[in-house]
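In the two complexes below, subunit A is the common chain; its partner is subunit B in one and subunit C in the other.
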Partner chain A sequence: MGETGCGKSVTAHSVMGLIPVPPGRIVGGTVTFGKHGNLLDLKEEEMQKLRGKEMSMIFQDPMSSLNPVFTAGFQVEEAIVTHDRHISKKDLLSRVVGLFKKVNISDPEKSVHSYPHMLSGGMKQRVMIAMGLSCGPKLIIADEPTTALDVSIQAQILTLLKKLQKEEGSSVLLISHDLGVIAAMAKNVAVMYAGSIVEYAPVSDLFQQPMHPYTKGLLGAIPRLDRDIERLAVIPGTLPNLFDLPEGCKFRERCSEALEICASVRPRLIEIEPGHEVACHACARDR
Partner chain B sequence: MHVLEIDNLVKHFPRGGLFGGEKNPVRAVDGVSLALGRGETLGIVGESGSGKSTVGLLSLGLIPKTSGTILFMGKPVDEFEGKELILFRRKAQIVFQNPFASLNPRMIIRDIIGRVLEIHDIVPKSQIAGKVGALLQEVGLRGDQASRYPHEFSGGQRQRIAVARALASGPEFIILDEPTSALDVSVQAQILNLLGDLQQARGHAYIFISHNLAVIRHVSHRVAVMYLGKLMETAPKEAIFSRPVHPYTRALLASVPKPFVTDEDIESKVIAGDIPSPTNPPSGCRFHTRCSFCIGVCEEAEPAWREVAPKHFVACHRAEEWI
Partner chain C sequence: MLRFIFRRLLLLIPVLIGVSIVAFLILHLAPGDPAQMMGGIEASEADLIMLRQKFGLDRPLPVQYFMFLKGMFTGELLSLRYESPVMEVIWPRLKNTLALASVSIVIAVLIGVTAGVLSAVKRKTWMDYTATVFALLGISMPVFWWGLLLMLLFSVKLMWLPSGGMGTPLHYILPSIVLGTASAGIIARMTRSSMLDVLRQDYITTATAKGLSRRLVVGRHALRNAMIPTVTVVGLQFGQLLAGAVLTETVFSWPGVGRLLVTSILARDYPVVQTSLVLIAAFFVLVNLAVDVLYAVLDPRVRYHG
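Right, the complex of A and B next:
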């Protein structure tokens, strides 16, 4: 969870090896993925085998992530054939129809032959999800999967993702700026700010007792559907320039709880309560 | 007197076929009646294709209506000409969703806002720069930023500039068309607070158009819920959020994932089906194809628009059962 420019999408793209090099460069750290070890050490061909099969991605905008000149069914078939060259044409079609059924696309036998423009936004996102599921991945990265959708369609897609996760047993890395979506979907939440995780906690802890001043600020800034708020709390200032980050804590200049040490030492994530990690000098001192 | 009175407003967008011939028009707005009081904020909420933005454009006379009436201070908006039209433009302003598209990238801020002052002759030419500075300060920017170009500002700052431009002519009402949808949560809070402060200081009215129900609750005095070009329900804010009547309003409120409510059972609250196309809307009640309370009459007859509680209007055949 995080606002524009916090690095949540870049994190996901790095995991998938989708950062264009150049200009991008991964300068440190590791991405450990089950038995495959550190993904950053894998060759491009080896990554290619994992992408789509072991890990897949659902993007924000289903309008632009499907190719308009191919049928929805063909695009899902393509994902399957890439990892299973010997599948017969008949099996392929029945597998796609099965996937379309699984994601509740209306009239699946007909819809596989539909072009993207013939499908609604919600249906297109279902095609994307079918594509993501096509090879039974262990990890699904969903990057703002409902941001482009209407409220009533969003609820359908979120329900579908939850149901499929239960059935398939895949892990989901959900990226969102919508605190409501996070609350409904997540088990654990990482809050990002200016490129780092500032708080990591089980979802109920995060909303019941947020610790990092940024998280507290965000929770105070959202209008509530269940009650009236006289005036929204405001986080003063703006995001620091990522080209020229300040020394010490990146949130210091906007923080009401800043200490002297915050100006010089960048705080590390510390487990303050079981399972609840925060990168904040003030939080660490108070405990 | 109401600032704005809309009665039975209809807007159909004709669609020509590629090889000639007429297709069904898009029924963007299909019989909407609304009134906006002085200094009031009317929230219009709806999903895509509900016609909420079209109502905004029609109220400003920016697109011609198909039928119905739109009165500004008791006078029909589409009959304004010459001086009267200019005066109306001065009193009716708009802030668009995307501040990256609504500010001319080749003009500095002083000219973007100064042009409004010049066209409407608000202050003498010599005082334009000073007035722009004052307006910028009013929206929380610095006067000396007037000589910069839009690209030098962040999204939130640009939206402040768009607000300053709307304020420049001293409007009676401002249409806010999804003014914070392109902004981050923390920036949204700043803009919503600013809009509230400005209304308190200047007393103008807002029509606040949004798909975000929580934002609508926060800003509105009264709320109108639209679906496929029709009004489903209008009521004072307290009523719409604590005693919603129309099944669509109730389902919409239930299906928003709520922060602070973790592990919510969203499955039971989902509105089934897709939003039908406004070119071929369902017969009878437009929501009947997705409504879990649909009965025979809903498919045939359009429900009457009626007052079920003081100032609480609903278009639903079964409204009385749920009051």
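Right, the complex of A and C next:
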């Protein structure tokens, strides 16, 4: 979770190896994925075998993430055929219809032959989810899957994702800037600020006992129906320039708890309580 | 769809009437007397009057226009120069031009689309720059000069290919390359820009995220979308090839309608010029109709209602 521009999507795209190179490039770190080890060491052909099969992705805007010139069914079939070349035409169709049923697409037998422009936004996102599930991946990355949808559809899609996650046993990496969505969906939460993770904790700990000043600020800024206040709480200041990040802690200039050391040394994630990691000098000192 | 095609075919009628009126008026407004051209310099005034009467050139313009329309439909319209029915004069040559233009457009599409896709995929590499330079060269090179250069190399120096005329498939190579060069350049530029646009779309990331190879992502998901604007350009270019073949036909002595048109204009052979223009316009409209039909094939969002 994190605000726009904090690097959530870039991180997720990097995991899948979807950052276009050039201009993008990964300068450091590792992406460890089960028995496959560090994904950054894999060749492009090896990554192709993982994409769609072991890990899949559901994108933010279902309006633009389906190819307008192919039928919804074909685009899901393609994901299956790519990883299973020997499947027969009949099995393929019945599998896609089965997937469409599973994600509650209305009239699945007909919808497989529909082009994206004939489907609503919610239905398109269900097609994307069907595509993501098609090969039984271990990891599904859902990049703000409901941001572009109506509120009522949002709830349906989230409920569906949660149900499928339980049934299929896949891990879901959900990206969101919506604290309500996070509270309802997540087990563990990583909070990002200006390109790095500043806090990582089980969801209940995070909401009840936020430690990083940024997380505290975020949670404090949620307006509440049961309190009458004149002004909404804000985090003072603005995001640092991402092309010219300050030395030391990136949040220092907006932080009320900043220490002297914050200006020179960038804090690293440290486990402060079991399962609760924070990148903050002030939090570490208070322990 | 069929109703749409039928309606577009009906629309051909007013277009062709318009073309025939414009062609007729422009020719008759231009100075020059066909009788004088036929009779030659020594023709006496009496000869000229006789010639004008014979071909109806002394009648009022509206009457001449309707005579021309009627003659075109009945096939009785005679060429002033050849004194045989115009269709017999035009059709064999129009066929040659159509053949040449078809081969040219195929070559132009093959080269143009390949170059365009490569320079989009390998954007800002030497491949992209090379393709761009050649596309711009192709667009800006004068046809007669480019034709002469190729002829000098392949016909005169290397003696691999015939320098003119038609008959064997070998005769097609040089003229169709020369005729198609500019179109190939324009198609390459168009393909490149629409491909670059398509490659930025979210559905391309989706296709990659499915595990498709780069080849499939580009060749299947991107190309089909990128072809939609390119097809328009190809249609327009084909019309240009039909109308613009005259220089190539002249350089390679290709017996086509372009050269016939020019010599007929010089000879003030009104019936041939007017009929050729109407026929070329008809083919132009038909090609554009084919482009519109192709749209619906490429893009399922396009549906025509009768």
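Assume the second predicted complex is superposed on the first by the 281 of 287 C-alpha atoms of A that agree within 3 Å, B and C clash if a C-alpha of one lies under 4 Å from a C-alpha of the other, contacts with A are read in each partner's own complex, and residues count from 1 in each chain.
To be clear about the criterion, a contact is a pair of C-beta atoms (placed from the backbone, for glycine too) under 8 Å apart; a residue touches a chain by one contact, two chains touch by 3 or more.
Just so it is clear, the structure is predicted and the values come from calculations on it, not from any experiment.
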Overlay on subunit A: subunit C relative to subunit B, clash or fit: fit
Which superposed partner A:Lys138 touches (first subunit B, second subunit C, both, neither): neither
Angle at the Cα centre of subunit A, taken between the Cα centres of subunit B and subunit C once the superposition is applied, in steps of 10 degrees: 80
Which superposed partner A:Arg95 touches (first subunit B, second subunit C, both, neither): neither
Touching partner for A:Leu179 - first (subunit B), second (subunit C), both, neither: first
Partner chain in contact with A:Arg266 - subunit B first, subunit C second, else both or neither: neither
If touched residues of subunit A are counted for subunit B and for subunit C, the larger one: B
Partner chain(s) touched by A:His83 [first = subunit B, second = subunit C, both, neither]: second
First, second, both or neither for A:Glu3, with subunit B first and subunit C second: first
Subunit B versus subunit C as contact partner of A:Leu219, first or second or both or neither: first
Which superposed partner A:Val69 touches (first subunit B, second subunit C, both, neither): second
Subunit B and subunit C, minimum CA distance [Å, superposed model]: 6
On subunit A, the residue positions that both subunit B and subunit C contact, one per complex: none
Sites on subunit A touched by subunit C in the complex: 13, 16, 18, 44-45, 48-53, 56-57, 59, 61, 64-71, 75, 78-79, 82-83, 115, 117, 128, 131
Complex interface listing, subunit C residues touching subunit A: 201-203, 205-214, 221, 224-225, 298-301
Interfacial residue positions of subunit B with respect to subunit A in the complex: 47-48, 154-156, 184-186, 188-190, 192-193, 196, 211-215, 217-219, 241, 251-253, 255-264, 266-267, 269-272, 274-275, 290
Residues of subunit A defined as touching subunit B within the complex: 3-4, 120, 122-123, 150-156, 158-159, 162-163, 177-185, 203-204, 207-208, 217-226, 228-229, 231-235, 238
